[in-house]
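Chain lettering (A, B, C and D) follows the sequence in which the chains are written, and residue indices restart at 1 in each chain.
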Amino acid sequence: MNKVVANADEAIKDIFDGAILMLGGFGLCGIPENCIAALVRKGVKHLTCISNNAGVDDFGIGLMLKNRQVKKMISSYVGENAEFERQLLSGELEVELIPQGTLATRCLAAGYGMPAIFTPAGVGTEVAEGKEIRNFNGKDYLLEYAFEADFAIVKAWKGDTHGNLIYKDTARNFNPLMAMAGKITIAEVEHLVPAGELDPNCIHTPGIYVHRIFQGEKYEKRIEQRTVRKKMN
Amino acid sequence: MNKVVANADEAIKDIFDGAILMLGGFGLCGIPENCIAALVRKGVKHLTCISNNAGVDDFGIGLMLKNRQVKKMISSYVGENAEFERQLLSGELEVELIPQGTLATRCLAAGYGMPAIFTPAGVGTEVAEGKEIRNFNGKDYLLEYAFEADFAIVKAWKGDTHGNLIYKDTARNFNPLMAMAGKITIAEVEHLVPAGELDPNCIHTPGIYVHRIFQGEKYEKRIEQRTVRKKMN
Amino acid sequence: MALTKEQIAQRIARELKDGYYVNLGIGIPTLVANYIPEGMDVILQSENGLLGMGPFPFEGEEDPDLINAGKQTITTIPGSSFFDSAMSFGMIRAGKVDLTVLGAMEVSEKGDIANWKIPGKMVKGMGGAMDLVASARYIIVAMLHTNPKGESKLLPECTLPLTGVRCVKKVVTDLAVLDIHPDGGFILRERAPGVSTDEIKAKTAGKLIIEGDIPEMEI
Amino acid sequence: MALTKEQIAQRIARELKDGYYVNLGIGIPTLVANYIPEGMDVILQSENGLLGMGPFPFEGEEDPDLINAGKQTITTIPGSSFFDSAMSFGMIRAGKVDLTVLGAMEVSEKGDIANWKIPGKMVKGMGGAMDLVASARYIIVAMLHTNPKGESKLLPECTLPLTGVRCVKKVVTDLAVLDIHPDGGFILRERAPGVSTDEIKAKTAGKLIIEGDIPEMEI
């Protein structure tokens, strides 16, 4: 079993123009920084990106947007990103906005082999347009389909050579869901350790879901909204 | 917030005749021994028990069967249990056998607020009789409904006063799923600690799902199939 | 006098109960956390995957891996837990969160809410709002009674694209506390100190139900 | 000569590849674990919630919290992980398990399998078998070619209640290795050493497809 690759460039080398990608992270928290940088270097184009957010102008998926690599974003919130807005208004970029819980559960469905799920999110709103509605116990639900993605790209805190992953704090977010959902799953980790060093009771993503793993470098981990309180003396 | 109760008897005191219970565990591994003993003492009757297995003659749910407390078992495998077989053949006991993955996913559905799920398990078999079949991408799936349970009774390794739970090894099995699925969830744990002592990154069941918790005692943890190999010298 | 945003939050905090699990949206709702009564255990859920959110970190102690759904750096309290987004919305969808407080651009007298999209403006997305309003058992909207143009935000029907239908149970504005009647209508429960029933009437476009004397809020 | 159960397992082990995730059922399939080639990484999944199952524990080292799907005490290998039953069947349903080996009472020439219920006998339940056969990408059945009465277990149609339909890809018996033809039929691939094609023909009730010379198995 050989899941360990040397670096991000090797990990993403077969990602092709027009591929459907999932990218983990919430805002800039828990995003696969190394793989995004490698995708920018590779210059692969016409990508569909399933990711909760679209980064900011000069970080995260924003870097791929700036480089005109993204054809379509599937997100729940695209936030503050001037270049994103420009491309959207000019028609260069397609955007599909879907509720955050629906996004998460459509990933889960893919990872759990369920072709579709039911959720009440969006019933009675424009999100429901054209979708199948079904009533269970007096409440309406939308039928939403499992995502299909060619590659899932996730970031974890620790990983082992078998592909087992552990995330830290809220950097977990969509990462374990997307890890389960990709046809090919690529994981970058802050700390890569030999199989056997992680506690088997604390694995968030079992290695069976992970095809390639590498230890990333130079994590910037940019903070989007630095909010602090003053220390009292 | 006061989730800690003194013992099993207090934890189960409002379980009523005819209640629908979920009981965690796989075989005799990870079963809520203290609560089962308390249910036998209380003598509550006509119970519907959703549990992967039905215990053995003199342990686990087998003790409740012997005491004629169970009206219906919903399980995937009822194993070796002579009293169970006697009650079933005499018509005293109803049994609904469902595929193990369906059992697990119907718990998950309840815990995740999904009214129903699709699974291919049982398509083309007698399990599919009377059920809705739907084709997605050329494959048939059965529509299976979320369970509803009045009480979920689970066993964890460690728990804290906020109800956060950590399971050990394969004693995890159905426990976290059922913990999410009960209207009222009762957790017995081997080690009860103050909130803050468990690693927040390693919690399997967040406390929001748990209503009552207590530290169990005298765990027998019986082994069903003791299989060993000899040490070479 | 109309309440400040802080006072709106303060009034909403009086709806909290010991042991409540609460999801607070961005804006005024976030401020509710500052008014949790001493000694009361209220666990804050952040839908990006945390139960047990604490206050903002002290300067220099920010952790980029620890943020809330508004992407702000935060801390945790003892007994916190982290989980993935599917479990987070799973517990929301299953009704495990006792109270959800969120802001709105419009609320209708039937309890519909609009808070994510203004036609003609750049749409940023609904985030988790549609999931929250579709599932939460108890939803309080925290908002100003009128928009910057002075128009009522409490309407017979929402004019903006909806976030969810028939979901809001209570509205707390700078002028009043109002419950949504199951058959439609804003039931006036409390007035802001010094704000008259007539003023509230004038600024509420939807059906207003006034029964008996309406007390002033205790802040 | 017909293979022993150990030899059936040994033959099936030759289907393993480095990096495979494999689920082994109870009975003959369990024995496959003893023949994983030296130096090959094969990760065993136990559907009660474990990846990375190891051998039975040494006497005195049994842990009641660590069992396999057959409820036997086991151990783990480095790199193992535990998870709940929903994730376990989730990974099975999503086709993440490369190979599933299980026993059967009957297999039909279309790849249907019956292995959970005999009318008139106490039914113990299907456990995880229906989930496994409905979802696994590559299913090998390990069984004896005939039942204790000498009747063929490879049939045109199963006579017992089905566990799953059109799912079996390969059957390894004490007499032969057979693939299921997509349009139906058992394609004879290998004979047990010393077992004639005629004997296999005589003991196979379903359609048997024989093309060219059929080699003997290498054990």
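Criterion: a contact is a pair of C-beta atoms (placed from the backbone, for glycine too) under 8 Å apart; a residue touches a chain by one contact, two chains touch by 3 or more.
Quick caveat, the model's predicted, so the values are computed rather than measured.
Asks: What chains touch chain C and also chain D?
Replies: A, B
Asks: If I average the CA coordinates per chain, which chain comes out farthest from chain A?
Replies: D
Asks: Indicate the whole-number Å distance between the mean C-alpha point of chain B and the mean C-alpha point of chain C.
Replies: Whole-Å distance between the two chain centres: 36.
Asks: Taking each chain's centre as its mean C-alpha position, how far apart are chain A and chain B in Å?
Replies: 33
Asks: Using mean C-alpha positions as chain centres, tell me how far chain A is from chain C in Å, no decimals.
Replies: 28
Asks: So which bits of chain A are touching at least two other chains?
Replies: In chain A, residues 105, 112-114, 119-120, 167-169, 172, 200-201 touch at least two other chains, as defined above.
Asks: Residues touching two or more other chains, restricted to chain D: which are they?
Replies: Only 76, 82-83, 86, 89-90, 92-93, 135 qualify.
Asks: What topology does the chain touch graph have (line, ring, star, complete, other)?
Replies: Graph shape here is other: it fits none of the named patterns.
Asks: Name the touching chain pairs, please: which are they?
Replies: By the stated definition, chains touch in these pairs: A-B, A-C, A-D, B-C, B-D.
Asks: For chain B, which residues count as touching chain D in their complex?
Replies: That would be residues 26-30, 52, 75-80, 85, 88-89, 97, 99-105, 107-108, 119-127, 157, 167-177, 204, 221-231 of chain B.
Asks: Mind pulling up the chain D residues that touch chain A in the complex?
Replies: It comes out as residues 18-19, 21, 41, 43, 45, 51-52, 76-83, 86-87, 89-97, 135.
Asks: Per the contact definition, I'd like the list of chain A residues that touch chain D in the complex.
Replies: Residues of chain A touching chain D: 1-3, 110-114, 160-162, 164, 180, 194-196, 200-201, 203, 206-209.
Asks: Show me the residue ranges of chain D that touch chain B in the complex, using the header's touch definition.
Replies: Answer in residue numbers: 46-50, 55-68, 70-74, 76, 82-86, 88-90, 92-93, 112, 122-131, 134-135, 161-166.
Asks: Residues of chain B touching chain A in their complex?
Replies: 105, 112-120, 136-137, 139, 141, 145, 166-169, 172, 199-202
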